[in-house]
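In this document, chain identifiers A, B, C, D and E correspond to the written order of the chains, with residue numbering beginning at 1 in each.
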């Protein structure tokens, strides 16, 4: 009969109108993201051995690091920058890291006002406690 | 000057228009509201992926494949990694094969859901749109808990998958599969079964079988025109030959069938995932591959059945770490050509539904 | 209860009482000005509020919460929207017909406001108690077509023009079943006066006598106000925003105002003609019943809006001319028959 | 994987057009001179028993000294697959269009033109498809130099009616 | 922006502060604006789908009153550049931005729009939408999560309400 489909549709919408609410209230309730979520990167500078494998693994030349050799002829990390604006967040660099110094993390509140801020100084970032723990103010 | 009689005029739709699902442009020639001619113009999202592949190693290009058809990322990567594996003659562990199938088919469901959603949105059905996106979230959650990203998982690797699924994955997958019949019923009730929607779509935009073959149309659009052809059956890749599923085929050749076949395919994908879920073995997910991949000199052409059509990967290796040429044959790019053929004589409103029924993703059209 | 019922009537009488001669020209003028301002405010607030209600309804249907930032449960969201629109730049594009472009939104709002003049919100609560109220309603509301066509033509944009032409085709077609559906009521009551029609529904609302007419009126009314499934005039996915594509800021806000104002006006007429106007159980004042019933009709419209998809324009025309119009004629015929039989019954037995 | 009938047919075809047959990863590959491509494809489409009647892909290749057009053939009615490669000169890359055999090769040829500068003779509408009309150069050729970031950041002027 | 320019801006703001009526009107208007950004539905690539996801029942952008995606740029307040901006598209994007009425803002969503992202080396891609359109907020991510987009929009809200604070962040203060 013509109109059966229309009535069916009306019954579905009225059922949903009184049905439960699915919204996650984000700024008030922070979501619990899976541990594997790739939203931003975090570095533990103490672990980094400046081997440069991450640079080679990266598809898009995101990582810029400089190192110096100390007296024992061991490389010591000086600066570690990530050009976040070019990053794919693919995770290939973290897979390549032999000491797991570079890790992915779940911080997703990364919006900034200026483009220069997208050049992340990873050493400075690692010192901000809130970043590594995955929580922002 | 007086112009006597009626006059045709041209209307420029796009590249930024609500009905084009991205940056697609059509120059529509109209007589009143009736379409006389359409010229599709593409390239507004051309990113030069083929060129970029030549300056990246084989592994480094995998994340880029996700961004081709961004609605069904895993299936693109599947085609690419399988092509490279063919070139290198790599064996993939059993468990990884099953995981790949599960992910690829989940991607297909997600992609078809977006297609149904945008198809209904194009005839102003906001509520079906919301419901489809609501259920798509659950698939994206599965992707995220396993691979770490919602839309571009970058999960497959040459020689397996990047990591095993977490333990909460399987229960979540099971509950999703259990809820699917109810979801499908809801989409049918609110969109496909609605008489107004049917009157909008039935016998509109006919693409006859012969024309479809001549235009080299592939994928669900071809199957909605009465050709039972699917690469998963015709030339099974991965372990698709182990599963028991059917290729839905419809003979209406119209917009409604092109929409409806997606709903049928969702059901078939569900069957595949259910079987894979039951049979999945334990074991490693990654085989031993050298750190630096150097496939031998050779060429390979590998085809997969992407949700949008057949995707072909033609990879030419010159023995170095970077491919000499990666050619991506995308289904949606070739399928664009059906638009000018089937909209003639229909109204501008039908143009919108016909366009939606073709299921184009501009990332795949423009590469 | 009576005091509450006649609250506004008493206020009006009190204002008149301030003048020496309560029916002098000055008293009439000031009363009329106050009534005009009141009607304008009613329309603005109702339309703004309705725009929010529509969003809320859409969100509830799709299982979410909807605006919840401003005020309790976000019910003050519309104030922010209005404030924002006030502060927007007013763009007049280069190649438009400037006079018509600027006139169109004002005309549309003016016309909508004119409809509000004859709506009886309660007993004796009507701005102009015209004897030809229904005729006036039709005459005035069909002018909205002109306003939309003006906007579409003046914008010098192909999408706008398409929308304008669609508006003409659609609204003129649906005007006819709309008028015909009300003829049944007029035949029963033998009057065009809206207040008198409500008086006639004291015992039984006409929806029970004229269910078919109510259905036709609702469908044609939805089409008249350009709402889904008949929202071709601004079919977003096809012609962007139709005649309103080139409008920005406050002028566009005026269009929205007129659109939602039209919805309220059409619902009010439906309440007047079919749902018994201000009559209802005694525990609420009459004007509140009237408003509640308007919201009931609006709820029906919203429910349809957020369930159905847009029809095709040729189906739309077929629907008006081949289904609604014959049905309306059948309804008139049946009503005539019913009146005849009823009269016979009264004369033979009752008389 | 490759059926014997197909092998015979392809070798017959190769003999006619002086081409080379190669078997690569379980796929037959026929290399012919660009002049014969229309005939070769027509024949391949009408192979008895194993018609390769579906043009799956058409793409260009830059091999440094010459260009190639690669045709991937398959069929909707059988498992047969064939790759035909047509060689064309780099300086004068002209080749016959196959739009008369498959209407759908229209876009594929336009893409090859856009990316490699291959001139398809007899194509109904040989214009750039991805890049804008006044774009210079053929980006997929190996000798194409990508413009610097600064140059690309400048907004190009859009032509009227583009 | 150097120190001198910053001082000038401070002075201008101080002048405005003295004009109580204008300031409070401006504040009132800003209050309306920040609670109802109506974005133009300007989607380019992957991020556009994530932008659509933000409007779905789970993330529900509408809670902030930002969900009214307008198809016509004339009625939009905010442009979300969501996806890869190619050189072919750039003039079109600029034109759409120009058609929006003042006051208007633009958000670069995703790394492609921020600075070319994965495709920064490609011959067809504009490395960063900010060379075409003045961008107010950059949201990195590929694609950013819906929560990131909401956070970005809330950052924009803060920027409109406290322009000085947004400028200060630049100097790391």
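Note that contacts are C-beta pairs under 8 Å (C-beta built on N, C-alpha and C of every residue); 3 or more make two chains touch, one makes a residue touch a chain.
Chain labels with UniProt names: A = NADH-quinone oxidoreductase subunit I; B = NADH-quinone oxidoreductase subunit D; C = NADH-quinone oxidoreductase subunit H; D = NADH-quinone oxidoreductase; E = NADH-quinone oxidoreductase subunit B.
The shown structure was predicted, so the numbers you read here are calculated from the model rather than taken from an experiment.
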item: Common touching chains of chain E and chain A; value: B, C
item: For chain E, the least number of touch steps when starting out from chain C; value: 1
item: Those chains which touch chain C and also touch chain B; value: A, E
item: Centroid-based (C-alpha) most distant chain relative to chain A; value: C
item: Chain at the geometric heart of the assembly (C-alpha centres); value: B
item: Of B-E and A-B, whichever chain pair has more C-beta contact pairs; value: B-E
item: Greatest separation from chain B - chain, by CA centre; value: C
item: Approximate Å spacing (C-alpha centroids) for the pair chain A, chain B; value: 27
item: Length of the line joining the C-alpha centres of chain D and chain E, rounded to whole Å; value: 44
item: Between chain D and chain B, distance of the C-alpha-averaged centres to the nearest whole Å; value: 24
item: Length of the line joining the C-alpha centres of chain A and chain C, rounded to whole Å; value: 52
item: Contacts with 2+ other chains: residues of chain B; value: 17-18, 43, 46, 48, 51, 63-64, 127, 130, 134, 149, 152, 190, 194, 196
item: Residues within chain A bordering two or more other chains; value: 6, 9, 12-13, 16, 22-23, 25, 59, 88-89
item: Where chain C touches two or more other chains at once, by residue number; value: 61-65, 236, 240, 306-308
item: Pairs of chains found to touch, sorted by chain label; value: A-B, A-C, A-E, B-C, B-D, B-E, C-E, D-E
item: In the complex, chain B residues that touch chain D; value: 42-43, 46, 48, 50-51, 86-87, 213-217, 227, 229, 234-235, 298-301, 303, 310, 312, 314, 316, 325, 327, 329, 333-334, 336-337, 366-367
item: Chain E residues within the chain D interface of the complex; value: 87-88, 90-92, 94-95, 116, 120-128, 131-132
item: Contacting residues of chain C [partner chain E, same complex]; value: 55, 59, 62-70, 74, 77, 79-84, 86-91, 236, 240-241, 244-249, 252
item: Residues on chain D engaged by chain B in the complex (per definition of touch); value: 24-25, 27, 29, 54-57, 59, 61-62, 70, 72, 74, 76, 79, 81, 83, 102-108, 111, 115, 128-132, 139-140
item: Sites on chain A touched by chain E in the complex; value: 22-27, 31, 39-40, 59-60, 83-89, 108-118
